[in-house]
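See the structures that follow.
The same subunit A turns up in both complexes below, where it pairs with subunit B and then with subunit C.
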Partner chain A sequence: MRISDLKISKISRYYMVLLILGLMVFSISFAQETNIVAPANVRVFDTPNDGGKSLSVDWDLIPADTALNPNFIRYEIYRSGNPSGPFSNVGFILKGSNQYQDQTVLNHKKYYYYVQAAFKDTTAQSAVIGPGISIPQWFNIARINVLLATIILSVLVVWYIERAKKGEKLFIRRIAGIDAIDDAVGRATEMGRPILFSFGLGVITDVVTIAALSILGKIAKKSAEYQTKLLVPNNDPIVMAAAQETVKQSYIEAGRPDMYNENNIPFLTSDQFGYAAGVDGIMLRERPGAVFWQGYFYAESLIMAETGHSIGAIQIAGTTAVTQLPFFIAACDYTLIGEEMYAASCYLNPDPQMLGSLKGEDASKAIIVGIFTIIVIIATAGFLLVKPMPIINKIFETLVSWFTAK
Partner chain B sequence: MILHILGTWIAAGLTIAIFSFLYKDNPFYKFAEHLYVGVSAGFGVIYVWAFDLKPMLVDRFISEHGVERWILLVPAILGILMLTRWTEKYAYISRLPIAFTVGIGAGLGITGSVQGFLLPQMQATLLPLTTINNVILVIGVVTTILYFYFSHEFKGASNIILRVAIVFIMVSFGASFGYTVMARISLLIGRMFFLLSDWLHII
Partner chain C sequence: MRLQIPLIVVLVTGLLLIVTFFIPHEPFGSLEQRFLIWYSIVAGFTMLLGLDSLTRYHLVRIRDKIKGWGFSIVLLLGLFITLGLGFYSWAKYQSPFTLGSPFMFLYTYVIIPLQATMFALLAFFIASAAYRAFRARTTEATLLLVAAVLIMLGRVPLGGWLWHRMVDFADLIPGTHLAGLKNLEIFARINDWIMDIPQTAAKRGIFIGATLGGIVMSIRIILGIERSYISGS
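Here is the complex of A and B:
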């Protein structure tokens, strides 16, 4: 006789299924409740590769630490400067994790810990472990790949700078936007209108702002030669100071220090849209014939570039802000895309440092393309020959892991 | 309550004054613009004092001890040196803090870029050429890098690399453009909602 042959009503069958499920849940939860054990293998150690003031504690997850077990809640970490206590709670970690970083310790001082598993109704405490001593590290070995890449880049740059210093002719291809700079200054002069230059919201520590300063120097020199007024409204006071120095130097080099007027390079405001409103107002009242947007820009880029377009100015933009480049491309006459700006500043001011830096970067790019080619070939071969030659895949995985930035 | 209504009317009036720029430059826009620039500059001064100078320099100088206290004199002196710009004779001294800041920025920028951009992007591009996606990705990255290679004049056949690269770059910009326009539309909706709801109570 089979169970299906028994004459049991449908409702009775549902009751039976529910009863069986209930028994299963009860037996699981009973088993879990009886699994109240303290965390084992607790370790305390100095957090590696850090600047100190941090100790790490880890342990083995307890058997009751499962997603389905509502009885177990979290791990609580207790600390003391003495193995016999008193201990105080320094933090907790939710279940599923087995490591805690205590960043409230002092360097070179001994600390003792225990980890407490907190259940709904009870707790289970591990043995006291320690001492752990926090020591700052001078060197982060996890970032050795960053060091190596930086050294390679630096050596290439220095090598090319030295070559440029010796007078070697280093070739840089011409970029379309560079010719437009001279044309724009000339156009503003012919129209009897001023030139406006903006760094956007970049600060002096942005490399793009430093490149823009170089471009400003060239434009300032041209404007001094043509005796055209140059306006540089600023968003950052330090950038303003650097811009004033750059323009002053260019005017001296052009033999027109008398033309320099500090009031033409003012600080407007540090507020993003306040700055945009101020620059728009200057453009509407001064009506510059040429506008240069060189630096780092955010959402204000289109507001300002559209105003420049509406007053009929020739506009040349250059930025590394990827999200703003499309707006400049749409609204400006010429746009220096990303690194073209660095190339432009180098082309306009070809001193050995600038030239060497650009050539060094180019050499780095050539190396990167070479690395891509080799590793992609290995990866493809590894994929195609995964069964006969699994070692190729291993080599690929090892190579890729080297590029992990920590 | 009255203050709230007054605030709403001032905000609505200033919003309309700024929007009036869409027609042409006018005295209302000029007023709103100067007010905005002035208020934000004043706010900036308070912000620098309340969130930079006081907590990071003054308060820490009082609370810290030993080296961590006296090291704060370095940024303080560099900051004071910036004030020499007010004097014509000693203005050149202000170049020291500027040079210091530029140097720090450039130095940190190199390691930051290598760690934050270069290595992760390289890792993400090292893929086997076994799917169409991977092929497009690798070709796009390699040609785009070569587009920014300035030591070689791309002529004739090699010019194809630049043409392919500019297609990838423009597709990327197009996507970014559309995405950002949508974000701007949401900002416009926010202001229109303020005018129609908070001010006029139409919706």
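Here is the complex of A and C:
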């Protein structure tokens, strides 16, 4: 017998449907009511690897903490210096999160906490836990990987410097961009045009700007020897001051201090595109025969390099900005790619200490490549042998988490 | 002494900052932040140095009637009008950055459009640089050209359209059932592969090399081996 066979009037059917719907709504709200539970497994502990004045509180998410449940709102954190209270609210965390950092505590003092789940109409309070005591740490254990890498790198650099000092001959491959500096300066001189040098938007705290300063020193010396005007428009006043000093020193070393003119190394503007417009204007008016783009560049790189190309200047670029390298490679005659910028000062000043440090860097790179290769082999083996040998995958995950910087 | 004192300052500062990276305990923990504040203060004052340099540079150009000296007048007028409006807005609105102040009017309707104009030029420069770079003169340039064409096809609607037409064409061959191939979106897949595998590998290689180079350069600076930033070294 089917339900349709029963002789039930239309109105009765209507009431039955309403009854079923009512039962469903009741059961859902009943289920939600039963989910009104306090956060469990609440823990308070000293925030690890910090300078103190911080305690962390965590707990298990309550069953009502779901995106679809509008009844549950947030977790509120209460604190007291005494387990029996009075407690005061120190903050809250929206639903979905189960950790709170209280950064308003004093070191070496005991604190007690409870976490309250706040619903629309009611609250549920966890048990009081504690005491938690904040203690400042003397060493960040999470950064032990960085410390080890720093020690290995420093030892390698010092070891190679010592070897170079003892007279061992260390080979450095030729860098075409650096070799071309003399040709570029000579070309500008022959054409009777000035030389233009730009640091881009780099500031003095960028290591690449300091590397560019040593290249500027070499170019300035050559330009003084050839009596060619050198223009260095700047985006940052501190870099301008450093550039002025570097050029002045190079002119003195070349025996031509009279050639130094501070107005050839001006500050233009700190605005990115204002600087690009200013440098483009100088290039179009002065028409330099050689242009050097050395430092840190952003979107203005191609605007300037293409203008340099349009006036027929020989261009040598160098930057560590990976996103701008393709533009320089397309628009310039030579480009120093990434680390070549840093190697340039050793190449220009090949004393044992400089060469040794460069060799130390190369050795570190070889170690890193070795580590990468081993990890790639472990990862591949872990993927292929995930069922028979799950330990390999575990080793891979442990290695990755150890090497990941925190 | 003129050389030794800066080198000692650099050594002590460099070592202190390395130590603060590993020791969160006070006074080391907040030292990096403190040094950054000091740098900001010094950098703020050096703006005056920049202003002085800019003004003198253009005054000399005007005085000596150097080619394009008229632009220098425009620049100095722009500089001092902006400065004047900044002070005026500060006095009248308590901040030059208050919306509706003359300074913000200048910023919104002059500086922002000028910046946008310069940035917009990049599109034309990219086109001219790409034309030169993609000329298939050597094997490398040809590879670059092929990769660039594939990437472009994978990123523009034309690539998808072209793939669908190619599949339609193959469907004309009797016995073939290539409807599923349309969803393959081969150009988009090639684009993803080039960007995710060779491109990322090359980028990371350069990045690792540059980072190591930067660290070793920092060691050279801290130990006083690299002195190019000190005049008279």
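In this text, the second predicted complex is superposed on the first by the 312 of 406 C-alpha atoms of A that agree within 3 Å, B and C clash if a C-alpha of one lies under 4 Å from a C-alpha of the other, contacts with A are read in each partner's own complex, and residues count from 1 in each chain.
Definition applied: a residue touches a chain if its C-beta (ideal position, glycine included) is under 8 Å from a C-beta of that chain, and two chains touch if they have at least 3 such contacts.
Predicted model, so just to flag it, every value in this text is computed and none were measured.
Visitor: Just subunit B (first), just subunit C (second), both, or neither: which does A:366 touch?
Guide: First partner only.
Visitor: When the two structures are overlaid on chain A, which partner does A:36 contact: first (subunit B), second (subunit C), both, or neither?
Guide: neither
Visitor: Considering only the touch criterion stated at the top, classify A:268 as touching first (subunit B), second (subunit C), both, or neither.
Guide: Touch status of A:268: both partners.
Visitor: Now for A:128: first (subunit B), second (subunit C), both, or neither, which partner does it touch?
Guide: Neither partner.
Visitor: Between subunit B (first) and subunit C (second), which, if any, makes contact with A:380: first, second, both or neither?
Guide: Touch status of A:380: first partner only.
Visitor: Just to be sure I read the superposition right, which of the two partners does A:191 touch: subunit B = first, subunit C = second, or both, or neither?
Guide: A:191 sits against neither subunit B nor subunit C.
Visitor: Figure out whether A:73 sits in contact with subunit B (first) or subunit C (second), or with both, or with neither.
Guide: neither
Visitor: Check the residue A:210 against both partner chains and state whether it touches subunit B (first), subunit C (second), both, or neither.
Guide: In the superposition, A:210 contacts both subunit B and subunit C.
Visitor: For A:150, using the defined touch cut-off, is the partner it touches subunit B, subunit C, both, or neither? Pick first, second, both or neither.
Guide: Both partners.
Visitor: Shared contact residues on subunit A, subunit B side and subunit C side combined as an intersection?
Guide: Residues common to the subunit A contacts of subunit C and of subunit B are 143, 146, 150, 153-154, 203-205, 207, 210, 238, 241-242, 245, 267-271, 273-274, 277, 281, 285, 299, 302, 322, 325, 327, 329-330, 337-339, 343, 358, 365, 368, listed in rising order.
Visitor: Mind pulling up the subunit A residues that touch subunit B in the complex?
Guide: 143, 145-146, 149-150, 153-154, 170-173, 175, 203-207, 210, 238, 241-242, 244-245, 267-271, 273-275, 277-278, 280-281, 284-285, 299, 302, 322-323, 325-327, 329-330, 337-340, 343, 358-359, 362-363, 365-366, 368-369, 371-373, 375-376, 379-380, 382-384, 396, 399-400, 403-405
Visitor: Along subunit C, where are the residues that touch subunit A in the complex?
Guide: 18, 21-26, 29-30, 39, 42-43, 46-47, 49-51, 53-54, 56-57, 60, 67-68, 71, 111, 114-115, 118-119, 121-122, 125-126, 128-130, 132-133, 203, 206-210, 212-221, 225-226, 228-229, 231-233
Visitor: Can you list the subunit A residues touching subunit C in their complex?
Guide: Listed in rising order, the residues are 49-52, 136-140, 143, 146-147, 150, 153-154, 157, 161, 203-205, 207-208, 210-211, 213-214, 217, 234, 236-238, 240-242, 245-246, 248-249, 262-263, 266-274, 276-277, 281, 285, 299-300, 302-303, 305-306, 309, 320, 322, 325, 327, 329-331, 337-339, 341-343, 345, 353-354, 357-358, 360-361, 364-365, 368.
Visitor: Looking at the complex, which residues from subunit B come into contact with subunit A?
Guide: Contact set of subunit B toward subunit A: 18, 21, 25, 29-30, 32-34, 36-41, 43-44, 47, 82, 85, 94-95, 98, 101-102, 104-106, 108-111, 114-116, 118-120, 122-123, 125-130, 138, 141-142, 145-146, 148-154, 169, 172-174, 176-177, 180, 184.
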